[in-house]
Amino acid sequence: MKDIQKNKPVREIDINMVGVKNLKAPLVVIDKKNKCQETVGSINIFVNLPRHYRGTHISRFIEVLNRYTKKTLTVEVLDKLTLEILRILEAEKSRIEIEFPYFILKSSPISKKKSLLDYQCKIIRIANRNIKEIEHIIQVEVPITTVCPCSKAISKYGAHNQRGYVTVSMKLNKFFWIEEVIDIIEEEASCDIYPLLKREDEKYVTEKAYENPKFAEDIVRDVSYRLEQDKRIDWFKVECENQESVHNHNVYAKIENRLPD
Amino acid sequence: MKDIQKNKPVREIDINMVGVKNLKAPLVVIDKKNKCQETVGSINIFVNLPRHYRGTHISRFIEVLNRYTKKTLTVEVLDKLTLEILRILEAEKSRIEIEFPYFILKSSPISKKKSLLDYQCKIIRIANRNIKEIEHIIQVEVPITTVCPCSKAISKYGAHNQRGYVTVSMKLNKFFWIEEVIDIIEEEASCDIYPLLKREDEKYVTEKAYENPKFAEDIVRDVSYRLEQDKRIDWFKVECENQESVHNHNVYAKIENRLPD
Amino acid sequence: MKDIQKNKPVREIDINMVGVKNLKAPLVVIDKKNKCQETVGSINIFVNLPRHYRGTHISRFIEVLNRYTKKTLTVEVLDKLTLEILRILEAEKSRIEIEFPYFILKSSPISKKKSLLDYQCKIIRIANRNIKEIEHIIQVEVPITTVCPCSKAISKYGAHNQRGYVTVSMKLNKFFWIEEVIDIIEEEASCDIYPLLKREDEKYVTEKAYENPKFAEDIVRDVSYRLEQDKRIDWFKVECENQESVHNHNVYAKIENRLPD
Amino acid sequence: MKDIQKNKPVREIDINMVGVKNLKAPLVVIDKKNKCQETVGSINIFVNLPRHYRGTHISRFIEVLNRYTKKTLTVEVLDKLTLEILRILEAEKSRIEIEFPYFILKSSPISKKKSLLDYQCKIIRIANRNIKEIEHIIQVEVPITTVCPCSKAISKYGAHNQRGYVTVSMKLNKFFWIEEVIDIIEEEASCDIYPLLKREDEKYVTEKAYENPKFAEDIVRDVSYRLEQDKRIDWFKVECENQESVHNHNVYAKIENRLPD
């Protein structure tokens, strides 16, 4: 049977990325407390394609991936997967993006009732045949409460507040737990969020958030300040998007200390 | 050329609805204050298909619709469109759903600064060959502020609040302005929402909302109470979904005084 | 601390449904071949609220749910959960909706290469204090290939085809495997879909689909015909939505043999 | 009343971007054939924030924007808006992103029936106090038909095809009509797409697409080749994402000849 993909293309132009998007798969990711947790991911895998090949071989992406979906996605396993894609697809560059909800058992602040909170996470690996090391990027989105300092300062009582989402993306030179990023963000919020709050907990989070009003600007600065101290991070981006309770639009702030490619 | 659609199907079963979904079009809708406003809609059009025809003629839906997208969609025009679909597709039942953002110029409460707020609306028309009258259904989604009464009552200061969305769907026997539904919902919120708030406005909405705490349950009841008084409504459904600022899930309440088909 | 929720509301109106939406949780669901599989769900839980209570107790929904997220969600466990919500929330009606991706290991048709295909599923349970039995509803969405019979019949060669999604919802009086619904839908498609296709498989699915052209209308009829034969089903709804490759809108068909509430 | 935003922040760190996201507004955009067209946009506006200010003044973004939403958004008007944001917010950098559906009246290939096709577009403007010129970026997404060359070559008859979306983003040094980008992409597709196709048109597009099979890789190359010839473009990115009809995942290819910031 013909291998059309190996033909010469009409226009011999290098392709930066070609591959598959939104492939769903069950995954096992590492978990600081419980060693691993089972979740479900949406996966993108890409390689570059040199100018003299017409097409890439999509089925090979799936074949390689299939060998990994049952394994626990440790740092080593992810690196191996990224390099195997590079090798099997005969590419110079490979890029893997794995997005998944990650769950942490939180205890409510006063009653200590436990419940699982979900955080949307993304792992990115980029391998380059000419460069020895593989790029490690992680992205973690954390839901938080934000109380508006302006609203509090000018009002007799109350202050508008809302759910905000803080997203940290960072390129790492050493391992960093998802749990560590979450801790930093939750500590810098007006208050962190819980699935389960009994009345005494609700009193606590309401008062704590009110005592600790923060703009989106404050939050991206305070998180950035924490990340700047950490030698394991080569670059980072901190974003905060607030679902303003007094508007039908969102407020957004971003700090990045170096640009990703 | 063959008309495959007119063939007999293998399985002679009546089809309740067949047609097109997510057809985008520029629209002109009626506006209480400015007579009309231009917007963009996402349109679904369906008819039933009797058991002895294999397929419907999709192109005719688009042909009929094309004759209407430049017209102002008054009550009469919408009725005509619904009946024309019925006639041209030789159907017993036709159903049209038009979803669009609708804009209203609001003045902020104190500084009286004007800005346009968007509301997601839906118009549904159902015609039935055997029944004289056409069913008129409208749906309006209104963003509001909700302050939690429990959080306020138990806390020393502050109260968690958030953006909520109240959606009213109703079958009408007489005309009802979108503006009328919006007014009812905004009056029954902890506070209504504005795109533009100067400091004095922000003080006002913060304090008003705090003085007026409401559960999702309160809001659907208070809106229902208002709608129950109105003779133009044959049935209604009121939903409130709050983007809880202290949780990563939403709180939802619904009252319906009769079920839609 | 005050229990504001137990107060009398201003407007004493019954609330049909109140509860939580979009609560994420890791789940274990039953699997025909492997006994169970781990996935991640988005959960809605609701109860009715009688007119004399101002609010429901949201935290109790989460507390009950927490007792179930580690258990395998068998028929019995789901029924128990639904009844426990009814009892703990002191309600007359409870409704649970659990949506999750479900994975099945498929072998490609010729090379027999294995890969996991994802199907979006939903389980609904409705308990009613006054009625003995609990309502069991399942919904399964299956991606398929559809080839247009009209395009094939009128063209010298080729035929437009596309990915379509068939969704079957049904109320059951006896247990029905998700795998059984999927089999029926895949058998009635122009061709079923695979994550991994080697060249010989791609040839097979292309030719099979071309030999088996079907309108959305054909598919909902052929699936309905199969479901009508099954005594375990009290009512069903079959929908097909095609991402037309020659249009920027979708084509949709629906058969329902009785209306859900 | 206090101006909390003017305070010094705890952490004096420069903020790259702060502003509003997903602000909806009716818009008038320029149209090659009809001078202008009315549509609805989703708008993001950002500025940088120097380290010594605690917060930006969100209401000013809306006030400036309000002065422009009724004007036709010509090149000059957009530049003025971008500079006015820079000036009023006292910033060094401003960035405006306006996303909207754009409609073009297409004639079907044989019967010449007219219908409106929607294209998702985005205009980006970046002003920098230190650099004289304003950056002009546009992004246009075009739905097309793609026929798989491999499937055609190896099969006795038929070939799998699907709806694909080609997105071109480019930085311009001279004006470029949205219509020009659309023409290039549609000419390089297996076939372009129409809302309204009569039978003779459907025969034409089926056969034309079958005679012209293209991988996502072919399309991004062929479009890139065309854009490379155009001196008005400083950099571009071409992406193609195919909703594969034989898979439940998408295939994606990208060429960029320089990276955007």
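We call the chains A, B, C and D, going by the order they appear; numbering starts again at 1 in every chain.
In the analysis below, a contact is a pair of C-beta atoms (placed from the backbone, for glycine too) under 8 Å apart; a residue touches a chain by one contact, two chains touch by 3 or more.
Given the structure is predicted, the values throughout are model-derived calculations rather than measurements.
Enquirer: Using only Cα atoms to place each chain's centre, name the chain farthest from chain D.
Expert: Centroid comparison gives C as the farthest chain from chain D.
Enquirer: Could you tell me the distance, in whole angstrom, between the mean C-alpha positions of chain A and chain C?
Expert: Once rounded, the distance between the two centres reads 28 Å.
Enquirer: Indicate the whole-number Å distance between the mean C-alpha point of chain A and the mean C-alpha point of chain D.
Expert: 25
Enquirer: Round to the nearest whole Å and give the separation of the Cα centres of chain A and chain B.
Expert: 35
Enquirer: Do you know which chain C residues sit against two or more other chains?
Expert: 1, 23-24, 118, 150, 154, 195, 197, 199, 203, 248-249
Enquirer: If each protein chain is taken as a node and each touching pair as an edge, is the resulting graph a line, ring, star, complete or other?
Expert: Per interface graph, the chains form a complete graph.
Enquirer: So in the complex, the part of chain B that touches chain A is made up of which residues?
Expert: It comes out as residues 117-118, 143, 145-148, 150-151, 154-163, 191, 193-195, 197, 199, 202-203, 205-207, 209-210, 243-249.
Enquirer: Give every residue of chain C touching chain B within the complex, in rising order.
Expert: Residues in contact with chain B: 1-2, 4-5, 9-11, 13-24, 44, 46, 49, 54-56, 58, 149-150, 153-154, 215-218, 220-222, 224-225, 241, 248-256, 259, 261.
Enquirer: How about chain B: which of its residues touch chain D in the complex?
Expert: Those residues of chain B that touch chain D are 1, 3, 23-26, 37-40, 59, 62-63, 66, 69, 101, 103, 113-116, 118, 195-200, 203.
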